[in-house]
Structures are given as C-alpha cells and as structure tokens.
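Two complexes come next, and they have one chain in common, chain A, joined by chain B in the first and chain C in the second.
The block that comes next holds the complex of A and B.
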C-alpha cells in the first residue's frame, strides 16, 4: 500500500486559515489501512479543527466525506454536489488523491492533510515499512524476494557495503541490512551461487528517470 | 601492464606496495593538501585522496589529486557512488586522467546520515561493483557505460575496498570475487585490528586462488589513543576492534599511548607480511600523516623501490 502520516496540525490550520467552509475528504484505500486518512481520521481531524476554531473565537463549517478511492475520477466525481458549498478542500489521501481532486475541481484550492511516505507493507499493529521503490524493473526474482533497491540504504545491487554490523545497516540498528537478509534467504533456498552473478548497472528509466511514468494499456484505454 | 600507474608497476615487480591517504581540507586551502602529501612523499607509492569521507563536504578528490599530481607524486583518486551519477563519474574520470591521474578507488561511500548534510539525497545510480566494471570498460574497451566509443580513453589502474570484518562474514570472500569479476586490479582493506579474522578471510581468498587475480593491500591504522580505539569500536560502522587492542592501550600512560599505537601498527604489518596473498599495505593514519614515515621505516618497508 501507499503509506502516509498526518501532517502537523498547525500546518493544516495555516492552510485553511483564510477559509470558513471546508470540504474534508478522506480515502477508503491505502490511507485507511495505514490509519492516516480514512473515515476515522477524517472525523478526528474535523474535531481538532473545530476545537481550534472555537479557541480562536471563530466558527468553521466542515463537511466530511470519505471516497472509496480518491485517485479514481469515478469516485472523485462524488464531490461535485458539495464543491460549491466549500471555500477549500482538505484531502487526507495520498498525493495521488490530492492531485486527482485538484485536477477535477479547478477553481477550488486543495490542501494536503497528510504526508505521503512510501510503498510499504504492514509489519504488525501500527507498524509499516518500505518495501518497494517502484523502480519499474523488478529484481525480486533474483534477490530471494527481498528488494535491495527499496531496502538497502544505498540501493546496492551487488552485495552489502562495508558498513554492516551485527547484521544491521550502517544507518542504524533499527534497519536490517537488506543484503544480509538476501544472503540468508538465498542460502535457505539453496541459491547461494546466484550471489556471484554480476548485476549490471540499472536502467532507471522505467522508475522515473525517463520522466513522469505513465502506463497506457491499449486494450483498455478509450 | 594496463596503465602507467606507479602502483601497478610496484605490484607487478613483486615488491610489497605501500600507500597512504590524505583527506582533503574543508575549504579552498591547497597548501593543506601539499603539506600532508609532502609528509608522505618519500615513503609511499601512492596517496589516496578521499572523496567527501564520512559524508562531510571537502575539497573534491579530483582537485586535491591534481594538486598532488602537480607535486610530482602519485594520487589515488577515490570516488564514491553516493555523490555522483554515471555521467558525472565518467566526466571526472576523463578529466582526472587528462591531468595524469591514472589510479583510482571505486567505493560505495558512507551514508549521508553520518555527515554534515544528512538531509542530502544520496545518488547511488550505480554501485561500487558496477563502477569498477564501468572504469574497466572505459579502459579496456574504450567505451562509455552507455556504449559510445571514447576518443582518448582513460587508462585507470582500478582499486576497490574490501571489509573482511563486516557481516555477513561468509559473504566477504564472495564479495571480493565479485569485484574481481567486475575487473578490479587492487584492493585496499578496511583497517585491520582483528588479525585472526583477517587471516581467516585471507585463507578464504587464497583457497579460491583469488590472490592470483588481484593485489590485496592490508589496511593499517595506528591508534593515537585509547579514546580513539573506543570511538572506532563503538561508532565507526564495519570496524572490528578486539578488546585486547583497547586493553593494551589502557595499559600504558596517556602520554605513551601514541607510541604504543605505532608499535602495534608496526607489529601488525610484520605479522601480516607473513600472510600469503598480501601484496602491500595501505596505511591510514587519520589526521596523523606525519607518523607514516616512521611506521614505514620501522616496518622495514623503506626505502621504496624505484620503478
């Protein structure tokens, strides 16, 4: 999933200071799963913003709505009945959702309420970790299912640097050395020999070096 | 012989090579480079010029290497994958070679987290193994990494680092094999304090015959004090400092610790000389360059051969 964390409340308050009527929009996909911008977080943020207004001796009108998928025009369309009744939109979706709303409603200012972090997986209650960089040329098939692009701090493709200690990355003991994990897994799979295959310099184009990525499926595109 | 590198000539002659290093200054002070290099000039075959070591901004290794070259000495230009993409690397390699710099060291580089710009984006377009391969192809196939022909190919003698002490240990010989496969000519190891472990690694190296394919220079660092030893043990990634090293330094007075540190370095060299497959020494006297001549002399590595 795409993970996100709520922005500091003061930043959100500053964005919306000039406005009295806010459309606060959550998303039912990734940000719900990572507890950053789903229906529950929309409610909590609305309460916090109301409380702040009261303290300032002001009133604020907040319409709460959580879309099924904020990065999908079909669902973004559901905001149409409410958009004219709002001076500004605050989106709790990832950056993709924020931009989908901004692209559809050109005269409404749209502000992000979360910081989009990374593509990750859940490690347990309340813990998410980065697992994919979207490099566009997946190497997991030759690295034992552990990604050196996302999980090595230096994106090294040919083995661990000299900074590993006690199996952890040189950046700190809370980060596993990806190449230690890859090596252990290759051993478990009986594929140790694969380690000595040289991995060539990566072509970064599919992952963004060629410019903003775009997929067009001719069989589906209209 | 692939290059004009003095280091290559020494190693080809079968003599033990000696290199040392010079960390460029944190400002436009060419005299600092000259002072440090002058201390080393008669006692080493090459002077490593570090590239923003520990991710602190310093005079570029290219510029400092040019200063050293213009003194008539032999710089070994270090290059880290952290700060440059493949375009910048190749243009600097050509530029350096145009100034007569013919020996370089390909490294990943310490993570930016350790330096004074922890907010910087690390480049890591290619890794150190891929860098070795790129420089070798620039030399032997006269082509850029992208495939185009080079008019005036840089003929670099190619070095890399090896850390026999980092985890996973069993992978460390294989990692060396990979660098050899990529085309490395010589290796400078991480500072060796755990000699037993180094011997074990070298046994793995010689068992596979890798010492026939690459020149290994053993990394030596004299401890200035017990404080430095403790700091290296606890704070420097990938460093293996046995307690016996700390105990020995603790056993002498503070004033005697520098001399004890040098004695230990010399003893290490004497022991490592006996290890099959070691072709020289890389002496990293961190901000203590003035002691390198003494270590080289006491270790019986002086005078340096003329080539």
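The block that comes next holds the complex of A and C.
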C-alpha cells in the first residue's frame, strides 16, 4: 500500500485560513488501511478544525466525504455536487489522490492533509515499513524476495557494506541489514549460489530517471 | 582585470565556451585556449554538457588556470547532491576557480547515460543559496568553514520561446538574483529584434546581461535548430544565406561575428560557443572586431 501520515494540524489550519467552507475528502483505500486519511480520520480532522475555529472565534463549514478511491476519476466525479459549495478542498488521500481531485476541479484550491511516505507493508498493528521503491525493474527474484533497493539504506545491489553489525544496519538498531536478510533467506531456500551472481549497474529509467512514469495498456486504453 | 572586476566596473566582458574532452586527452583544449589569451575574459567550462559524460568542469577549470586563463564553470544539481556540490565548490576555490554559472542540466534521458540515477538534491535556487552560504563561511548543515571561498555566481536562462515565456523567465531570474546571482547569461537567439526585446526585459533586474552567440556549422545544423528550437528564431533567410555562400564555413563565422558586433552595443558582454569548433574561436573574435 501507499502509506501516509497526517500533516501537523497547524500546517492544515494555515492552508485553509482564508476559507470558510471546506470540502474534506478522505479515501477508502491505502490511507484508510494505514489510518491516515480514511472516514475515521476525516471525522477526527473535521472535529479538530471545528475546535480550532471556535477557539479563534470563527465559524467554519466542513462537508465530510470519503471516496472509494481518490486516484480514480470515476470516484473523483462524486465530488461534483459538492464542489461549488466549497471554497477549498482538503484531501486526506495520498499525493495521487490530491492531484486527481485538483486535475478534475480546476477552479478549486486543493490542499493535502497528509504527507505521503512510501510503498510499504503492515508489520503489525500500527506499524508499516517500506518495502518497495517502485524502481520498475524488480530484483526480488534474485534476492530471495527481499528488496535491497528499498531495504538497504545504501541501495546496494551486490552485498552489504561494512556497516552491518549483528544483522542490523549502521543507520540504527531499528533497521535490519537487508543483505543479511537476503543471505539468510537464500540459505534457507538452498539458493546460496545466487549470492555469487553479480548484479550490473541498475537501469534507473523505469524508476523515474526517464521522467514521470506512465503505463499505457494498449488492450485496455480507450 | 578579472571577470568579476569587469562585471562590477561595467566593462564589456567576453566569454568563450570550451568543452572538456570525453577522455583524458586535453591536448585540443590546451591548444585552442592558447589562441584566446588576452582576447577573452574567462573560458566557460560546461559540466557534462547535454547530459554527455565528459572530463569534469572542475578539472577543466584547473587546466584553464594552468594555462593562465580565467575559468568559469557550470554548476548543476543533476549529478551531485549537496555534499558533493559543496565539496567540489570548496575544491574550485582552492584550484583558483571563482566564477560559477548555475545551469539547468539536460535531462538524463537525453544524454549518453540515460540509465543513470538522477540526483537533483538541490535546484538552481538551492544551489545559489548554497553558494551564498559557503561564501559567508557556513555550509548547508550550519557548520563553520575553515576559510571562506569566494565566488561570482551567475545563472543561465533557459531558451525563451515567446513573450509569455519571457515574462516567466524574468520573474524566475528575479528570484535567483535575490538568491545571489550576479549576472545573467542568455541562450542564443538568431533574430536581433527578438534578442533585443529579451535583453531589454532582463536589463531592469540590474545585473549584467550576457547574451550568447553560437557558431552555426552548416545548413543541416541551422535547419535542425530552426525546427527543434523555435525560440532561437533562426530564419529561412539565414539558412538560405549559408546555403548560397561560396565558402559556408567562412559565412557561418561571419554570421556569428555580425551578431556579436550587433549585441555589443546593447549588452554588457557576450558568450561565444563554437560547439566543437573551438579552433575557430579566434576567427569569430576577429570577425566581431573583438
């Protein structure tokens, strides 16, 4: 999933300070799962913004709505009946959702309420960790299902640096050494010989070096 | 008088651009620059120009110093993060390189290493702020430097397509001047009327405006520029002039010389690019009466 965290409330308050009518839009996908911008968080943020307005002696009108997927034009269209009744939109989706709303409703200012962090997986209740950099040329088949691009802090492709100690990365004890994990996993799978294979310098074009990525499926595109 | 002193005093400055080799054979660079001594104020050394890997600008600038020429090197953020940029600029000062031109780098995908990772840690404004910070004796992490480097930073304005683009570029340049840019270098335009408009638009920013002239080499090159870079305003008449010339190379040199001569009256300097024909730079200077 794409993970996100809510922005500091003061930053959001600053964005919407000039406006009296706010359309606060959540997303039912990734940001719901990582508890940053789903229906529940929309309600909590609306309450916080109301409270702040009361403290300031102002009134604010907040319309709450949570779309199924904010990065999908089909669902973004559901905002159309409400958009004219709002001075500004605050989106609690990831950056993809914010931009989809801004692209559809060109005359409405759209502000993000979350900081999009990374593509990650859930490790347990309330814990998410980065697992993919979207490099566009997956090496997990060679590295035993553990990504050195996302999980090695130096993005090394051919084994660990000298900073690994007791299976931990020198960046801090909270971070496992990806290459230690890869080695152990390959051993477990009886695939240690894979470790000897050299990976050449990576082609970074599919991961963004060639400009903003775009996928066009000719069989699906209209 | 140094490039910086001439900028300050208001004297006309002449810059010549010379690319470093793709390799370590600097013989052409050294030979060509000898003919420019006392004819140009500084030699501009691009850094991985057009996204093509070359000998770095830092080394090129050091070679210029060894040859008794004043260097001016490009700085961009595509290939280096703030650590490398700062470290290289400290090295630049130590090597006697004090003139910098902050440029927007060519896209990696258009260069000769399209699969390389892009750094882009700092943009132009970030680099200018970094230069200012270094010259005041502090690095970007806030640590004090042992010895302050001295730089004269400028900016290269990207090609300007039309009037609307011109307004945006002037606004961009204003921000960069506030961040420390001490001069502006413009991209080549082959129509003097449009170039005059551009120079006039930048002049109120109160820093020296240095237009560029580059040497067309043949009809094919002129045609390519005319089609692919409409902002260059390279006309059919100019292409025809080259095509009909008995000696096309001499004609191309004359065209560059005439443009420089015309721009001399309306600008604070000139930057000349010969794009691989650096041995013709003296002939261009002769033709321009410089």
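Everything below uses one rule, namely that the second predicted complex is superposed on the first by the 222 of 222 C-alpha atoms of A that agree within 3 Å, B and C clash if a C-alpha of one lies under 4 Å from a C-alpha of the other, contacts with A are read in each partner's own complex, and residues count from 1 in each chain.
Here, a residue touches a chain if its C-beta (ideal position, glycine included) is under 8 Å from a C-beta of that chain, and two chains touch if they have at least 3 such contacts.
Everything numeric in this text was worked out from a predicted model, so none of it was measured.
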item: Chain B versus chain C as contact partner of A:218, first or second or both or neither; value: neither
item: Partner chain(s) touched by A:204 [first = chain B, second = chain C, both, neither]; value: both
item: Which superposed partner A:154 touches (first chain B, second chain C, both, neither); value: first
item: Of chain B and chain C, the chain that contacts the larger number of chain A residues; value: B
item: Chain B versus chain C as contact partner of A:166, first or second or both or neither; value: first
item: Common interface positions of chain A, toward chain B and toward chain C; value: 201-202, 204
item: Complex interface listing, chain A residues touching chain B; value: 153-167, 170-172, 177, 179-180, 183-184, 195-196, 198-202, 204
item: List of chain B residues in touch with chain A within their complex; value: 81-82, 86, 108-111, 113-114, 122, 124-130, 133-134, 145, 161-163, 166-168, 171, 174-175, 177-178, 181-182, 190, 237-239
item: Partner chain A, residues of chain C touching it in the complex; value: 107-109, 114-118
item: Interface residues, chain A side, partner chain C - complex; value: 201-205, 208-211
